[in-house]
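Going in written order, the chains are labelled A, B, C and D, and every chain counts its residues from 1.
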Amino acid sequence: MISDSFHPFDDDKLHEECGVFGIIGASDAAAHCALGLHALQHRGQEAAGIVSYDDIHYHQFSAFGKVGDSFNSEEVIKGLPGKTAIGHNRYSTSGKARRAANIQPLFAEVSFGGLALAHNGNLTNARLLKKQLVEEGSIFRTTMDTEVIIHLIALSKGVDAVECLVDALKQVQGAYSMVVLAEGRMIGVRDPLGVRPLVLGRLGSSYVLASETCALDIIGARFERDIQPGELVILDGENPPQSLFPFVRTGQRFCVFEYVYFSRPDSQVEGRAVYEIRKALGRELAKENGIAADIVVPVPDSGVPSAIGYAEAAGLPFELGIIRNHYVGRTFIEPGDQVRHLGVKLKHNANPAVIKGKRVVLVDDSIVRGTTSKKIVQMVRDAGAMEVHMRISSPPTTHSCFYGVDTPSQDQLLAHQMSIEEMRQFIGADSLLFVSVDGMYRATGEASGRNAGAPQYCDACFTGDYAIPVVDNETDGLPLLDSVLVETAS
Amino acid sequence: MISDSFHPFDDDKLHEECGVFGIIGASDAAAHCALGLHALQHRGQEAAGIVSYDDIHYHQFSAFGKVGDSFNSEEVIKGLPGKTAIGHNRYSTSGKARRAANIQPLFAEVSFGGLALAHNGNLTNARLLKKQLVEEGSIFRTTMDTEVIIHLIALSKGVDAVECLVDALKQVQGAYSMVVLAEGRMIGVRDPLGVRPLVLGRLGSSYVLASETCALDIIGARFERDIQPGELVILDGENPPQSLFPFVRTGQRFCVFEYVYFSRPDSQVEGRAVYEIRKALGRELAKENGIAADIVVPVPDSGVPSAIGYAEAAGLPFELGIIRNHYVGRTFIEPGDQVRHLGVKLKHNANPAVIKGKRVVLVDDSIVRGTTSKKIVQMVRDAGAMEVHMRISSPPTTHSCFYGVDTPSQDQLLAHQMSIEEMRQFIGADSLLFVSVDGMYRATGEASGRNAGAPQYCDACFTGDYAIPVVDNETDGLPLLDSVLVETAS
Amino acid sequence: MISDSFHPFDDDKLHEECGVFGIIGASDAAAHCALGLHALQHRGQEAAGIVSYDDIHYHQFSAFGKVGDSFNSEEVIKGLPGKTAIGHNRYSTSGKARRAANIQPLFAEVSFGGLALAHNGNLTNARLLKKQLVEEGSIFRTTMDTEVIIHLIALSKGVDAVECLVDALKQVQGAYSMVVLAEGRMIGVRDPLGVRPLVLGRLGSSYVLASETCALDIIGARFERDIQPGELVILDGENPPQSLFPFVRTGQRFCVFEYVYFSRPDSQVEGRAVYEIRKALGRELAKENGIAADIVVPVPDSGVPSAIGYAEAAGLPFELGIIRNHYVGRTFIEPGDQVRHLGVKLKHNANPAVIKGKRVVLVDDSIVRGTTSKKIVQMVRDAGAMEVHMRISSPPTTHSCFYGVDTPSQDQLLAHQMSIEEMRQFIGADSLLFVSVDGMYRATGEASGRNAGAPQYCDACFTGDYAIPVVDNETDGLPLLDSVLVETAS
Amino acid sequence: MISDSFHPFDDDKLHEECGVFGIIGASDAAAHCALGLHALQHRGQEAAGIVSYDDIHYHQFSAFGKVGDSFNSEEVIKGLPGKTAIGHNRYSTSGKARRAANIQPLFAEVSFGGLALAHNGNLTNARLLKKQLVEEGSIFRTTMDTEVIIHLIALSKGVDAVECLVDALKQVQGAYSMVVLAEGRMIGVRDPLGVRPLVLGRLGSSYVLASETCALDIIGARFERDIQPGELVILDGENPPQSLFPFVRTGQRFCVFEYVYFSRPDSQVEGRAVYEIRKALGRELAKENGIAADIVVPVPDSGVPSAIGYAEAAGLPFELGIIRNHYVGRTFIEPGDQVRHLGVKLKHNANPAVIKGKRVVLVDDSIVRGTTSKKIVQMVRDAGAMEVHMRISSPPTTHSCFYGVDTPSQDQLLAHQMSIEEMRQFIGADSLLFVSVDGMYRATGEASGRNAGAPQYCDACFTGDYAIPVVDNETDGLPLLDSVLVETAS
């Protein structure tokens, strides 16, 4: 449900596709894992799953819906015994058939025993590999790219799980941060460019892997370090972490959108505080694009840190000019034409006491399709604003992502279709300005901006500079099984 | 569910018990009514009901849960035809048996035809009246004080609904703002002291009654005026509102807690903007209780406006030092002692990047039992705060409310049991300070504070000055039926 | 759900509206009560309720659906403590709004304390009484005639519950068998003509009241005797039953349809074994209407006992020529015109091995609208029957019932609209014959048939001889509240 | 739910594990398929699934529960477009984890395209094959033996689906009747001994495959012929059926228990009417084991046809001495020791009017553990029977089945543990007699009984003569995956 998210207007945002978590060597591993997934809920709300291991059996529980709606009973947690557990949050891909088999972690029985795997990211040659695998006799049960890795592992002649995993990963291309459970060990691995985040933490004598540090905080674990791009770390519950670097390194391209929007503001990602970077983005925005105004109003809640930064840099008062209604239910019947922009009003109300007669700077983090921005601008005008200036704390989103982010096809991106002036007219603001690419880099601490030819981040959605070749034509999951079988949800 | 509210720590807040809404003369009356109740959802989340009237029949639909979870289908709205509709939100009285019959509006067939009634407030002589009524042969179906009014109406010999209603209200004592539907007319009425709010709005040619103006905003209705204390207004769908003042007036005592916490920050109550009063409370707090500090951090979300006011008056930066997790589910299993203060951490995380090494002013609006404040202070300390100063934008809550607010019994109120210094020790802050009663009055615009002997507001929860005699011993509903019948929820 | 009943074709049967049960002086009273209601499930499947009394409080639980679907957990039964409990099964009045308030036993708090009441039957002057009561200030919460009795009791000036009850019953007309709980006593009462059944049983030192003896069998209770027409029996849990006869007696008119169809075949009603009477009806049918044939086939399951009697008297083999499918679900989509008579085929299949080439006597107990009979005859023909002779073990149903049976309005009764020859053509049988009224009386043991002018049974549905005046125009519940309020199920 | 079955005492019966159905060349194929599965519901109630094919895609819907509870909406049927559809009913394996992936038909994408397969029966070397397959890199998703066939097909190098299927089946041992959908064709196949049934029918120009003829009757299809043991029939929707016999034939061993109990009484199996064979079993029983008695009473409903045959041969009256309650819910709380044998009484009541003072012959079809028989005998005695003689229309069940029937392990079979005299004492009857093996064969039309050394049926459960070697040690599904992964139902 949109209304429950960090990002009330996230019908017009890009979305992270997954969060992963794992812990080894802890009593109550599954309970810790559920808490970690809860802290990572903003990375995926469609479904959640946990696989635990008690030195004899693997145990699996998964369900559609949020972590707190499923992993909340003694009964469920008791059904996941053992000192090791890995888990996964899946993003809600509304509109597609919900397929229970697609919930991760994936589990398979292979030659060396059980194998559980949770994956954040997206492979870019999975379709091609799947075609070859099916021709050789592999049977796929999901429509996920991740299953390709499982089959490559099952067919590998490696001597143990690590060898089989490396063997498999050398055949795939794309972005991945993964947590794997096999042979009593937990393995974490990041793709060679490190597009998706993965951190290592410690809780007493147990080790933790998680997409973000906020998942360490909730269980009181200490942040140790980021897993490095291309690193494979082996945790056996007793010895110190053992690191391998089995892949050829070609640089480092962490996803800059994690700073802009995806990660939780209280996470430290790649050594930097997300909240501070967002405030810095707001400051850059004020410097680059200042305008005479009376108040700075965030689009709740995504725009709050950058609005604080903007207000600070611009010397303007920060005001809650838009009030959220936290109780949004599913749908409402619109009572005729009298009620305009109901979709927005169900979730928000522009606060007339704050806005009336004012020149308002509205701050948001991004514009994807622009439909919601248009409604917000109108709502603020209806509440009596004299001027409405929209400021966006990221550059225009002009390209689709193929590395694990759910983006509309390129021709649905407003910034791909229109100039900034056309966008301004479309959303109805008096002015519209975005932070520059270099300004964004500066906010992350890169004083000289983007290194031409050797960018420090993956910024393909802003620049079209794709760091990993996109082998498959289609970007959204693996259509091969879908093209044959249409499952109706039961 | 706590986590979905405006007030994430509302397990330690006082709670409004109801919201009311009515509209007459509108096509799609029920759809408008559902939207109005949605905007008033913060006043009650246990259940919602609507009764509509189509000039022939009354139509009723009610359900447990939030408005958006029930009144969201064409089918439901089509089942509520007619140009007049009234509705009611009920507060979740967790712990008591959920009794479907208790969902309002109440409906009865009486001598003059159908009668529907929605009530916000609490009667203080209902037990006594009920005892007399049962002895005379009236049969009660609910445990609500409101039903007493229905029976008094049914037994009245008045010539029409208005006469019967006035007749009934002259026999009751307490606080009430009510919306009534009978004889094709909608009637609004406030008790003589005007304890609970009720406003009149207009949408085209139709009239609206609502607890707060935010319910007018959502349907695009224009705010006309507050219904006055002791006023009974008759709306017949054609003629201008007709006002009666059938009760002896004894002053005006609007509930000051509506400003402090209950009402939505975007509502205008009794002619004043709630958001501005809250900011003013923050400013008063800074003036009265300033201390050297580095940052001002609101307890989300209730403390935000007063924290903005505080930061402004104190010249300190306003920072989001506590981050909410909007995805809180039902319950979690605590994984042993390693995870301290889990209840708070499920909903929040102190943002270390903001807090570490800082002298923090935490701003909240009230303290009831203090248990949550204690956990928040600890969480902020754990994140590295050097000092934690708690500031409360209302006076200490020392007394229970008998006029429609769900309060713990007096001996569970922290401020009733302890001195402020003891409270400070209990919650573990370096300092704890409340706004003064006069400061609170000043923030509402009463420049000289509280008028001794003739207070402008009902402030019994802060002062123990009860404006209406409490006839019944018990304060929570009517135990008479409960004491005989124990219904198990089915 | 039709398919789960004793009577698979009961979409074309008359229906009993209720079953009642009560027990006093038993530990586990509620568990016994649930079992008793389960045994009486054929008398009503829409909803069930139990009220227990533990010498201090009354406890109530009720739910839509069958007894075994609701009263099946420790939790529910523990919520109904005490040594006394009464219960009620309600018939599924499909098509009308399901109104939770209509589930019995009704409970009210009146001047002498709590009062619970379960009623089988129908009052014939309830509308008139209700109108008067509303004008005097009584507020109704249900649409049931039974509530009139509750209000009359509440308004009575009697000194105790028995006096108030007798006072109330003297004002009503109609058919009723009731079980009442008040002042620690259980009271059973039958209307002066004894239209509906009520029996007294004993289990150890506790006493039981039930609609039929099969409810005694299931808990191992001993059948004591039928409650007599006009008798009011008081059971206080200690002393022997105390009987009163407060009403003027005007004869005895037990409902003959209880023998024909309503009661369970293993019940003894008014001192006679239902199964034996049904077999006797089959024998009378063979005697009156014998025809040359090869096999006798019952319409399952209602026609089985009379088919056995018929086969015996006619000297023909009894064969299961129609096989039931016990697994019928809710609905199916008809796949085009190829599948004829699907509704019947979902529940039955004519067994070709039995029927092919045979002259078949089909035996059923009654025909109401005739639509199902038509489909069965066709199905048997399709399976290869040479001749199909339909035999009905009751006289033609020509009149509606106003005494507690759900009947279509008179003009929907096939036997009211058509001659027997026209009916035969309508259902497509080679012959159609009914048992005569005198034959039916003989089967019940009345050797000389029906006493002209002084019939031994209520047989109004066959003869139009209504023993109790029908004061109200409408027969189905009390339309007064319904005509004002339309409740949507939530 | 036990109570809804054909066989009210089926907690003490053997159970068929599956029913299969397929249709090709029909508009509304899925609707026909749902009806066919409904008619086969007695062969499995845990879950049902359908896969349809519309010449482009395969479409799948499956759900736990009965067919009529899931395949009952326009929406579901519309989600299964195309002129070809196959379906499967699964037996309720209560006590094991319900695993959604185990619902058939299984679907896989293989080298030649989509493949759907529905299987009735059980393989006896599946564990061994699975072990080999996993070692080679196949990944299993279910715990069913059937999945082995799918993987063998996927790995086959055959040129088309038929070649691959034959290739796979030549590697498996066991009992199977299967319906397969691939390459636009529907394929039916029976194992070489023909243990499980499979019939071919015709509806207009479309062809139908089904486990029993009752599934043809419900859609109005004409019975064409039984598929022969070892036959593989190919239906392409246009040409006449094409038959292959790819396996070495070793005789014919149809499961005799299909006649005794499994098949519906209105089915024709292997050219014989099940109902007539059951009556003949009753007649043989009377001939072999006649005793002086007053009435013959069937144990409902399984014993009815044989009781009719017995009564006819013995010249005794057939009476419904045990009445079913069709409304059985889930569970009940037993109210103390007063209520004996409640489990039986919830579903049945011995009819005292029939039984009292009589010498009763009770007829049932089989005894597995004997626990229910014991309770029935006691119930009949409690109702006043003078003598109780139990007669069973099959030989003693002494051995487990490994060919698709859910049997207790051998040491739980009463007839394996005890002599007939000991069994008589255990169930408490005055006499207990079974039909002989030769008598059973005679009832099926084999005039000279069982051919020594060359039996005409699979009768292993009565004789221990296992026609197919049992390679795997364990008989119940494939424990290999279960032994690694424990899935909690979600």
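Keep in mind that, in the parts below, contacts are C-beta pairs under 8 Å (C-beta built on N, C-alpha and C of every residue); 3 or more make two chains touch, one makes a residue touch a chain.
What you see is a predicted model, and the numbers here were worked out from it, not measured in a lab.
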Approximate Å spacing (C-alpha centroids) for the pair chain B, chain C: 50
Geometric centre distance via CA averages, chain C-chain A, whole Å: 62
Between chain A and chain B, centroid-to-centroid distance (C-alpha), Å: 37
Sequence positions of chain A contacting 2 or more other chains: 70
Arrangement of touching chains [line / ring / star / complete / other]: ring
Interchain contacts, given as pairs of chains that touch: A-B, A-D, B-C, C-D
List of chain A residues in touch with chain D within their complex: 57-63, 70, 76, 79-80, 100-101, 107-111, 113-114, 134-135, 137-141, 150-151, 154-155, 480-481, 483-488, 490
Interface residues, chain D side, partner chain C - complex: 4-6, 26-28, 31-32, 34-35, 38-39, 41-42, 45, 66-74, 77, 203-204, 214, 217-220, 264-266, 268, 273-276, 301, 304-305, 308, 312, 317-320, 323-336, 338-340, 342, 345-346, 349-354
